[in-house]
Structures are given as structure tokens and as C-alpha cells.
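Reading through the C-alpha cells given below for one structure.
All chains are identified by letter, namely A, B, C, D and E, in their written order; residue positions are counted from 1 within each chain.
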Amino acid sequence: MNCVTCIDYIIIGVMILSAVFAVEWRDLLAAAVGMAAVSLFASILFLILQAPDVAMTEAAIGAALSGAILIFAIKRTQRFETEEEERPGWWIRW
Amino acid sequence: MNGQYASLLIALPLLGAFFVPLIKGLGKKAIKTYVLIITAIQTGIAAWVFQQVYSTGKPIIVMAGGWRPPIGINLYIGHFAALFVLIVAIASFLMAVFNFKAIDVEPIDKYAMLFLLLMLGATGMIATGDIFNLFVFMEITSITAYALTAYNKTGEAAEASLKYMILGGIGSSFFLIGVALIYGATGTLNMAQIAQLAGNIDPTVAQVGLALIVFGLAVEAELFPLNAWAPDAYQAAPHPITAMFSAFVVKAGLYAMARILYLMSSVGTWHNVLKLLVVMATLTVVVAEFSALRQRNVKRMIAYSSISQVGLIALAFALGTQAGVDAGVFQMINHAIIKALLFLGVGYVAVQLGGADIENFHGLGRKMPVTAFGITVGAMAAVGIPLFNIFWSKLRIILATVEAGYTWAAFLVLAASVVEAVYYFRLIHAIWFEGEGERISESIPLVAIVVALVILVVAIGIYPNYLWSVSQKAGSDIFNVAQYIKNVPLMGVGA
Amino acid sequence: MNELMIMLFAPLVAGFIAWALDVRGIREAVGVLGTLVPLGVLAKYYSTIAGSNPEVVTQTITVGGFKLIFQLNTISWYFATIASLIGVAMAFGMVSTSRSSYEWLFALMSYTGVLGVFLSGDFVGFFLFWELMTFASFMMVLKRSRHESLKYFVLSVIGAYAMLIAIGILYAKIGALDFGTIRQALYMDAMLGSISKSLTALVFLLFLTAFGVKAGAVPLHVWAPGAYSEVDQSYTAFFSGALSKAGAYGFLLLYILMGAKLVAALGIWHNHMVFSYIIAWLGAITVVVAGFLAVLQEDIRKLFAYSSVSQVGYILLGLGIGTPLGFTGALFHVLSHAVFKGLFWLVVAALVLRTGKTRFEDFGGLAEKMPITFAMSLIAVLSLAGIPPMAGFASKWLIYEAAISAHMPLVAGAIFLGSALAFAYVVRFLYAVWFGQRPSDLEDVKEAPLPLLIGMAILAIPNIVFGVAPGLVTEYLGKFLGNPVGGNYYKLVTPTGTYNALLVAVLLVFGLAIAGLIFIYGAKTRRIPVTNTYQSGNPVTEDYNLSMRRNFYRPLAEALDFWLKYSWDRFYERLAGIAEDFADFLREGFYNGNVQSYAWYLAVVLLILALWGVL
Amino acid sequence: MSVPNISAFYFGAISLILIGLYAVLVKKNILKMLIGLSIMETGVNLLLISIGYISGKSAPILSEGIEPNQAVDPIPQALVLTAIVIGVATTAMTLSAAIVLYKHYGTLNVEEIRRLRG
Amino acid sequence: MVSVLKRSLAIITLLIIGYWLAQGLAGVPFGQDKMLVGHYYLDHVKEQTGAVNAVTAIVVNYRGFDTLGEVTVLFIASTGVGALLWERKKRRTAKTEGSIVLTTGTRLLVPFVMLFGAYIFIHGHLTPGGGFPGGATIATAFLLLYMAFTMYEIPHKAFEKTEGLVGMGYVIVGLIGLAIGGYFLFDWIWQTWGWGHDNIGRLFSGGFIPIIYILIGLKVGTELSGIIDNMLKEGVKE
């Protein structure tokens, strides 16, 4: 394994990891940052895949603006995912 | 006139929508009138296109940017698209009239823009001849639909809209994966060229791609069990928008599904996809009808009925026979008329009496006789009573279904139709034979629309010949893929 | 040949005009005119159809890509004429009883529907008009009762859709929808056998359901009592007299179109064609069950509703015998049932109009107050009970003869039992309504209005004419059934018996004259308490007070207790309840409001797609 | 069943799609579901670009002596440009709907957002 | 309990779906030349559109219709957000001013960021980038302003009008193409008038691509800032 593809693998791995974190973190602000990180790593991958236009767009729109909008939305709602109490029937809760 | 001018169908609503911010200050009435004018012009253009296509018998191919098809994006306004673009325009026009009564929530200027863009999206979805362009127009349609669903800004509206967004988002993502696969396998995005090359694609890729594309479109086309967003969205959306959803937004999705399905008919596993779709469509009909049975909210009830009828159309399209497609197109037209009528009537009642609960419909025959009459005719037509238009298309669909060998599907669909009859006649009984009420004055333009639609329903019911021949042409436009490929002036790139 | 179209659509157009104008007087005039047109056209074609050189009048139109064929041939002329006769009577009746343009519209629409069913020469038209007729009659019921109407409609629609599927199967196999082609193809296929047995059986079953519902065959009869009672009674004359005949016509069609194929597919059992035997037994069961139920009713409308079901059972039975003689009897009974039952319902209409009452216990002694109506009802009673020289006797006699000569003794027994039951309930009607003590609130009851009487007369005359001269009918029917019945106008000759109607009539008149003389000169009145008629030594208590007017047949009900526990009606109600609960379950379960569940549905579909791709 | 031989980029793209879908299927917070959708969209974009990639070729910008036959497929890149913008549009719409929803319901838990049902 | 079951079921489901997708993708091998129409674009992009950046040429010229739709989608989003978060009167609610670093940095950076955005979309046909990233960059500048100053607001009336006008501009450019060249969105500057044919690779080339990209850049910038504005402000009671 030469280390050019090595970098690809590392970036992909980190991207997947940040995606997992974005999904699993209960703090939504952190999750939003994780999502932005996913976009950022994706944009690096776009660059590696010879798509500079897309990389720029993804970095500007996908990472920065989406993240910002998400953070604004979180500010206007609630920051933490709440632990749900088990009220309705199993079918609904499921 | 040059056929390229058909691109005005896309340009006009766009221009119209972009112009709205400039006249924002003129007040509600001015903006509504403006929308009315734009839709009227659009109807005129669509009528011209329709006349062109049906008199020459040749489709209009609009080549954007002057590039020939596989290079540029083309609009394919064939028999089906010409017909349906006209229906989209007319339905929008009628609902633009309804806007005057039904829409009171601010900001009207945004509503006007979204209204025009919804019309644009459906027009584009029907007219386009490029699979990615289809995705773009689908997104235009669905994002507009999300926004309009939530337009009333109540909690319910936002809830319905969010449900729609989440399901629609999943659907469109998978649609895009499908497009990516097909693109990767063929190297082109033009529908005609894809159809040409479909036979050579690696079977696994073709199967996955086709399945994903159909999946994505089925969310838009409200097939069971992907239609869970639909009743909520129908119920929560402003009344004219609900009518538009039912009259053409769903149809656009259905059409796109049918179009892509038949384009890919040389794919090996095609028949399995059809079988799956038949199952889904049949279940759509059954589940939706049963769900409507004990519904207290009339708007929601009619929404379920609409879903079931859409399932019937999907069933017809999924049969894979010419007869089925013709019948499906016929049902599409009839259904558009009926549902425009019903949602208009129910929406008007809801506006006047403050809600679409069944209690408000008691004694409606005395309170708002013309509207009540319109709803009654719509209901009877939807059940499939002879002398009304749906009878013919339903008959056609059942015959085609049995002919294609899906007798069980015909059984289930008809059993569901019995249920449909029950709830519709309960509604009719509530309207005419229960409750008392004082006469409320009805708005003249709306009454005129209701009466016009009723006349249309009955006229088609008594004399379906013209519309049937039109639907046959439109149906063969979808079914006859070889002709479609021939009609698109493909440039010999790569092939 | 546009007369066929005129005749077909004149009632509908008239109905629309009547409905749209909604002016008292004009409405009625237009309505009556609309019903008279078809009768006129039919009369005009009599010579063409029944002449020495019969022709078939055909008219073809193309609607929505379907070729609709309308034919006036010997059979359709016969059925259409009966329907128009009742239709005219109904229109006259409605002049008196109906105050609603709504009723005129749908009554006339159903008239068009019935005519269309009889005239159609292809399945699309047949189905169209079948639906139209069902829908129009349903709307008539809907006005009075939602529950009964929905019961009627759901059953009818199930029948109609069953028919649609059967049509679809035939279309898929044969590729045609017109009767001529289908008949030929199935005839050929009886030999070739390319349509499988099970499919043929399925088609037969579907058609059986479709026509059985309309004809009210047990166990699909449950709509009839409610629907017949909950409309304007003048319309019921048409409803029961003509609409139910569409079912009978359907069965006849089954023979014409599929007879050979059905015999080939379902075989022969003890010299009887199996499919035909099924129909015969269906008819026999209907006759008996509905007869018993009719006897037990306390409401005259319900009584006649069940009686109607029972009488249509005779028609099915006659058709089921499957011999030309059987057909003759059945078709004759179509006529006689139409005229006597139509007459009955008009009488009921008059009673309801003048008294506003429907239960036996509220009636009594009306013969003096409404003498003409009484005379009419007497004719109807005689005809229904099968007493010569009325039309009802001739037709029942023919069916009986046919059953005997076809060696179906059990079925013949059903005919006998049915006749006895019919006698039992009409006697009660005759006595309880017309004779005996008159309740005080009926003192100022007037004779029925003139239009209603005209309507009754229109139906009473054929009862007598075809009763005295049954040969008129048998000769006409013989044209396409191969003259199974000999004799002349007044005399019917079958392989097993002879019935001379004229002689019987003369004898009857003579006998009545003698009886009258005896009555006038020798009768003594004797006063007895009402409660005394029928107790057989039982002590009279408040809750076991049986009289002609109240609970007269209660002992019978007690005897049949075991069987009455099982009610098809309740069975269907429960079924409907289950369906509704299922609907709720489905709705609440599937559309549970949780968007995550909805997302799961998407995932499951993807999973199915994936599994189907992977495996 | 054999393990399909796909490249790391495809793997990454599919993983993103599945993780996003997982969030929609399991997480009960609406915003979390929307984050999932967003991640899904990124995954789809990555997939499209990977499909258009050709080993050893350069970006489709034909200046500075890059010949046409040395460039990767430009079409998927054009598509992804569109798709990204559509994605951000959807995200903005969903988030504003979520804000409205929160204003009315006071919660973002999907199990409590069930006023419309049946 | 239910939740664990649900998670595991979800994972199993997703793995199967993923396996299926991977199977499909295995038929579209990575890194191989699968182009069909792509070759045509690469071969003819320079003489047909005058743009060096093939992606830009495709986005704006060959598949201009998509881009028109894309612009519309963004417009819809901004309109929709505006409609959903509409209040009769709304105001910013942020309490704290940005830190001194942020405010000074913003003051310094904003003009450059805007200039950079403009550069990106003007040079779209030559270098990577174009209207969308350029517009987004401009929006980022406004975002910075919002973060740094509590009282800052964009002039929304003007922005909304700009959105509309710019959008109309795009459609009108297309319609001029219809009038001049006979096709909607026809590149009349390059193909009919033939401007800039000797300038390929320099700024004044590429037919109408720069024009459209400027329009798109402005539109995206205003729309995204509008969205940010709408998200940040909350309604106040009058």
C-alpha cells in the first residue's frame, strides 16, 4: 500500500467517523459541527477526485452555510436531544 | 410559429415568479390578480402547444441552448406532455381564481411566487427529456410543495411539511443514486439515449438503478407504503394547493415513473419491477380506501380517496400493456378534473364554515347548494357511476388489468371501490338529508368554476370519445418507446 | 334506427327536465310523457319483432372506444315491454304519491337503466346500464334511509363488480365484448376447452353473484326488504316489478351466452345440467325461505318485499329447470310477477298515501272506504296466490309442469310450498287490511286519487287478460323457445297436462255468481269478538294476543325459532362491522403519525428491493 | 454471496448514505434526522463524483496545456454542483419548518409530533 | 429494550441495503473511463462555448436548463424560508456583541471576502468556482457581519428586489437567445455575435457564461443572505 492511497483511506475513515459522531452526539451543536466536518472532508475528497469546482462549492455551501443555518436553527429550538420517556404504544415508539 | 417557443412554458412562470418581489407593495388583491393573469397566459401558451402537437401529430422538441439532445437538455412535448401541460395550466388557473377566497395568510407575495413555481415544476417534470433535469424539476416541485404545505404556519402544517420533507428527501436522494448508476453505466443522461442503450447495461446495475429511480419517484407518486406523507400534506396545505397536489403534482411523479419505467423496458428484470409495482399499486388502493372509511375530516377523506385513485392509475401503468397505459392516462385526466372539483368544493366549504369536519357538511345542501351539488357530482363520479367520467376510465383499467392476467388485483381494487362508495355516499347523505341550515351566498366565480367542472364531468361521461382518442395518443406516446427514440433528434455521440 | 336511442334516453331526459324545472304539474306531465315514449316505440316495433318474418332491430354507437350495440329482438322486446308497462304505471302512481323532483329524476333514470340492460347487445352497455339502474334506485332509497340504502348499494355494487370481473375474464379470453361473438366463441370453446374448467366455474360464480343480488336470491336478498320499503311505494312497483327482472334477464343471458360452455365445463349430474341445477335450487331455496319470512312480517311493505323475493325465486327456479317449458314458465312468470307485484305495490302506495300507516295492526275495514283499490288488490291477491284465471296461475302452473316433466320432484315441492305460503300471507293481507273492524282513526280515509287508480288499472288489465288468454304469451315466447307449449290462446297444452283458462274463467264467474246469490239471499251476520278467531283454546293474554292483525303467524315463528336465529342480515352486518374495525385498525396502525415509522416504511421497501436484488 | 469489489470512495459514499439513513430511522430528534438527511446528500454527491473519476486524469479545466483526453468526466461535477445547491435549499426549508414546529409544539421529539394521523 | 432492538434492526436493514447498493456499484467500476457524452464536451468545449473550464461550460451552457432550475430551487428555498418564518415585525434577538477580534476582523475582511466572491464568479469560465461558490462566499461575508454586530441587518427590501430582478435577468438572457438564435438559453454572445473568439482562456471570452455567472452569483449571494437573515430574526409582538 503506497501512501498516496493511504491519505485517501485516512480521509475517508475520518469522514465516516465524523459522520458517526454527528449522528451519535447528543449535543446538537456538536452534531452540527460534525456535519460540517463531514462536508469538509467530502470536499477534500472532491479535490482528490479532480473536482475543484465541486470542492469549492461544497466547502462554501455544504460546510459553511449549511452548518451556520443549522446552528441558527438549533439556537432557536433546543440544544440537546432529550431522552424520551416511553409513553405511547410500542408500535408508535418504535 | 417556431416550436422552440414552447420553451415559454418554462420561461413564463419563472419570469412571473421573479417579477413578484417588484410588485410586492401593491397589496394582496393586485398580487392575486397578477397570478391569475400569469396562469391565464400560461394556459394560452399551453393551449397553443396542445393544438400544435395534436394537429401536426409530431412532438415538439425544445432544445435548450440550441444543443442537440444528448449534448444539451431537451424538452419533449409529445402527445402526453402537451395534454398534461395544458391540464396543469388550466388547473392552476382555476386555483388562481380560488386563491381570492381561500388564501388570507400573509405573506401573499411569497405564496404567489411559490404557486407559480409549483406550476412550473410540474410542467417541467412532464416536459423534460433528460433524467437529471427531471431530478431538478422534481426538486423544484417538491421543495415548493414543502413550502406550500407549511404555508399556513400552524403547527399541523409544519408537521405535515416536515414529514413530507423527510420522506421526500430520502426519496430524492435515492433517486439521485439511481441516476448516478444509470449514468455510470451509460454515460449519458438523455432519456432517449438511455432507452437506446438500456439493453446493453450490466443487468445488476440496471436493476439497482431502475429500482432506485422507481423508488424515488414512487415517493412522489404516493405509492403504498411510501405515501404516508400524503394525507397529512393534503390536509394541512392551503385548499387551492391541495387541489393542485392532487390534480397534477402527483400526476407528474406518476408520469415520470411510467416514462422511465417504459424507457427501461429492455432491461432484463423489467417484468419483476412491474410485478412489484402492481402489488404496491393494489395495496395503495386498498389501504387508502379503508383509511378513508371512517374519516371525520372530509378533506382528509378525499385526500385518501385521491391516493387510492392514484394507486389505480399506477396499477394501470404498471400493467405493461398498451391498453393499461391508455386507461391510466384517461384516468389521470378524469381524476384531475374530479379532484379539482372536490377539493375546490370542500376547500370552499372549509373556508366558509370554518373547517372541513364532517359536521360542517350536515345540511350543506341547504347552506351552499351549488357547492354541495358540485361535491355530490364529484363524489358520484369518483365512485364510478355511469354517465360520469371516471366510469369509463375505471372500466378500462379493470378490463386491462384482467386482460394482463392480474385478476387478483382487479378483485382487490374493486373490493376497495365498494368501500369508496360507502364513504362517499355517507358524505352525500350528510350533505343533503341531514341537518338544517340557512342559505349562505356563494361567490359567483367559484360557482361558475364548479358548474363548469360539473358540466365537464358529465360531458365526458356521456361523450368520452374525444378524450379517449386523446388519451390513446398520449398513452402510446408513453408506451411506444421506439417512436420516442425516433422522435428525439439524437446526435450520434458515442453511440 | 334512432328510435332505439330515443326510447332509451327519453325517460332520462324527461327526468332531467322534470328535475331541473321542478314545477308542479309540468314535472308530472313530462315524467309521464317520458315513460310513455318507450312503450310507444315498443308498440311500433311489435309487428317487426313478432311478425311472421321477425327482424332484429340493431343500433350501434361508439362511446369511448367501446362499441355499444343495442338490439331489439324477441327476448329484449318482451322484457322491455314489461318494464315499460310497469314504468308507465309507476309514473301514474308517482303523480299522486311523489312530491319531489329528486324522485322523478332517479325513478326515470332507473327506468332508462332497466331498458338499457334489456336492450344491450354487448357487455359494456349492459354493465353501464346495470350500474345506472343500480345507482338510480339506490339514490331513491338514500333519500329515506341511509342504512338500508347502503346495504342495498354495497350488495349491488359487489354484484356489479363481480360481473365486471367476469366480463373482464371473458374479454381477456375472447377479446370481444359483444354478445354475438362471445356466444359463438364460448360455443366453440365448449368443444375445444381452451378456457379451463376452474376459470369457467369462476366466471359462472361471479355472474351468479351479480345476477343473484339483483334478483334477490337467498342469501343475497337481504337488501330487498329494506330497500323496497324505504322508497316511494309507487316506485317500489317498478323497483320490484322491473328492476329485479334484470337479474332474471341476466340468468337468461347466462344460458344464452355460456350455456354450452357451462355444460361442458361443469358437466351433468343425474340428467341435470349442474350449473342449471344450482340455479334451480337457488330459486327453490329463495322461494321457500323468503316465503316463510314474508309470512312472519307485521309490516305490509316488508311482507310484499319478501314476497317479491320469493316470487322472483320462482323465475330462477323456472330458468333453472333448463327445459324450453321451464323457460316458458319462467318468462311468463316474469310478466305475471311484474304485473301483480306492481299492482300490489301501487295498492300499498295508495294505502300509505291515504292512511300513512304500514303495519297490519293499524289497518282494517278499508274495503268500504277504498272500493276500487280493494278490487284491484283482490285481483292482485288472486294472481299472486295462483288462483285461476289470473296470470299468476298460468305461469306458476307452467313452471310446475316443467319441474314435473324434468323430473325434479323436490323442486316442484318447493313450488307447492311456496304457493301455500303465498296464500297464507295474502289472505292475511286481504283480511287484515280490507275487512274486519275499522280503527277509528281511519274513518275519513278517501279513495285513492285518480292517477294512482289509472296506474293500477294499467297493471290490473294484463293480469286478467293474460290470465284468461295465457296462450297469447306462450305463443310469443314459443317463437324463440321452439313452441314447447301447445294449445291456443285460451288453452295451454304441455306434455303432462292441459289448462283451459277460458273454461276455468267461465266456471269461476259462474261459481262466483252462484256464491253471490247465496250470499245475498242466504247470509246471516253473526257477531263474534275479534280475539276469538284464532286461539285454539289458548287463554288470551296481553302479550299473547294473536289476531288477524297482530302476530297472526306467531306460532309459526315459534316453530321456526331455531332457523330464525340464523339471519343473513345479521351476518352481513357483522361482516360490515368487522370491515370497519379493520379499516380503523389499518388506518391507525399504518398512518400512525410518527414520521419515523414512515421512514421505516421506506427502508422496508428498500430492503425488499435489496433482498429481491440480492437473492 | 461474494463481497462486491468496490473502491474506497464508493465505500465512503455508501457509508455516508447509510449513516444518514440510520439517523433518520433511529434518532428521535427532528434536527438529528435532518442532519442525517444532510449527510445522506453529501454521500450521494460523493458517489456521483466518484463515478465520474478516471484514474490518473486531471480536472476538466482545459487551460495550461491539458488536453481533452486527459480530463476526468465533467458531467457528474456539473450535476453535483446542482445537487449541492438543491441540498442546501432543502436543508434551509426543513430547518425553518422545524423552527415553526418548535414554536407550536415546544418539542422536537418525533413521537410527540403526531397531531396529524389516521 | 425496544430501542436496542430498533437499532440492531436498523443496522441489519441498512447493511443489506448497503450490500445491494455496493453490488450495483460494482458494475460501475471506479476510475475507468465511462464517458460517452463527456468526451464530446471535452473535445468541443473550447470552440463551442469559449470556456476553458468544462464544468462551467456544462453547467451554464450545455446544461443551462438545469442551472436555471437550480437557481429556481434556491429562490424557492429563500422564498419558502421567508414565508415560513414570516412575522409582521421581526427583529434580531442576539444580546452579545462579537468579541473585539471578530468585529475588527470582520471590518477588515468583509470587503475582501466580497471581492473574492466576485472574483470567483467572474472567473467562473476560467478557474474552478463560479456563481454558486462565489455567491456563497458573498453570503459568508454577510454572515460575518451578522455574527459580529448585533444590530446589523441586510437591506432586505433591496435584496428581495435584486433577487427578483437578477432572476428575471437570467430568464431574459435566455429569451434573448430564443429571439436571436431561435433557441431558449442560446448563447447568442458567443455563437451569433462571435465575441471573444480570440480570447479563449482570458477573461473576455466564454460567451454569456460570465454574464450568467454574475447574475447567479448575485442571486445566490442575496438569497443565502436572505435565508440567514430570516433564520436569525425572530418575531416581536407589536
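Just so it is clear, contacts are C-beta pairs under 8 Å (C-beta built on N, C-alpha and C of every residue); 3 or more make two chains touch, one makes a residue touch a chain.
Remember, predicted model here, so these are calculated numbers, not experimental data.
Novice: Starting at chain A, how many touching-chain steps does it take at least to reach chain B?
Specialist: Minimum step count, chain A to chain B: 2.
Novice: Please indicate the chain closest to the centre of the assembly, with centres calculated from CA atoms only.
Specialist: Taking the mean of all protein C-alpha atoms as reference, the closest chain is B.
Novice: B-C versus C-D: which has more C-beta pairs touching?
Specialist: If we tally the C-beta pairs in contact for C-D and B-C, the bigger total goes to B-C.
Novice: So what's the Cα centroid distance for chain B and chain D, whole Å?
Specialist: Inter-chain centre distance comes to 27 Å.
Novice: For chain C and chain E, let me know how many angstrom lie between their CA-based centres, rounded off.
Specialist: Going by mean C-alpha positions, chain C sits 73 Å from chain E.
Novice: Could you grab the centroid distance between chain D and chain E? Build each centroid from C-alpha atoms only and quote it in angstrom.
Specialist: Result: the chain centres lie 16 Å from each other.
Novice: Can you list the residues of chain A that touch 2 or more other chains?
Specialist: Touching at least two other chains: 51-54, 57, 61, 65, 69, 72-73, 76, 92-94.
Novice: Please set out, as single numbers or ranges, the residues of chain B touching at least two other chains.
Specialist: 132, 136, 139, 143, 146-147, 150, 153, 158, 162-163, 166, 170, 177, 181, 184, 189, 204, 207-208, 231-232, 291, 295 - these are the residues of chain B that touch more than one other chain.
Novice: Among the residues of chain E, which are close enough to touch at least two other chains?
Specialist: Correct list: 6, 10, 13-14, 17, 19-21, 23-26, 28, 34-35, 37-39, 41, 53, 55, 63, 66, 69-70, 73, 76-77, 80, 84, 128, 130, 132, 224, 227, 231.
Novice: Give the list of chain C residues in touch with chain D in this complex.
Specialist: Counting only chain C, the residues touching chain D are 587-588, 591-596, 599-600, 603, 614.
Novice: For chain B, which residues count as touching chain C in their complex?
Specialist: 162-163, 166-167, 170-171, 174, 204, 207-208, 211-212, 215, 218-219, 225-226, 228-229, 231-232, 272, 276, 287, 290-291, 293-295, 380, 384-387, 391-392, 395-396, 398-399, 401-403, 405, 407, 410-411, 414-415, 417-419, 421-422, 425-426, 428-429, 433, 463-465, 467-469, 472
Novice: Please give the residue numbers of chain E that touch chain A in the complex, ascending.
Specialist: So the residues of chain E touching chain A come out as 2, 6, 53, 55-56, 120, 128-130, 132-133, 136-137, 139-140, 143, 224, 227-228, 231-232, 234.
Novice: Along chain C, where are the residues that touch chain B in the complex?
Specialist: The contact residues of chain C facing chain B are 62-65, 124, 127-129, 131-132, 135, 138, 142-143, 146, 149-150, 153-154, 157-158, 161, 164-165, 167-169, 171-172, 579-580, 582-584, 586-587, 590-591, 593, 595, 597-599, 601-602, 604-606, 608-609, 612-613.
Novice: Would you pull the chain C residues touching chain E in the complex into a rising list?
Specialist: 603-604, 606-607, 609-611, 613-614
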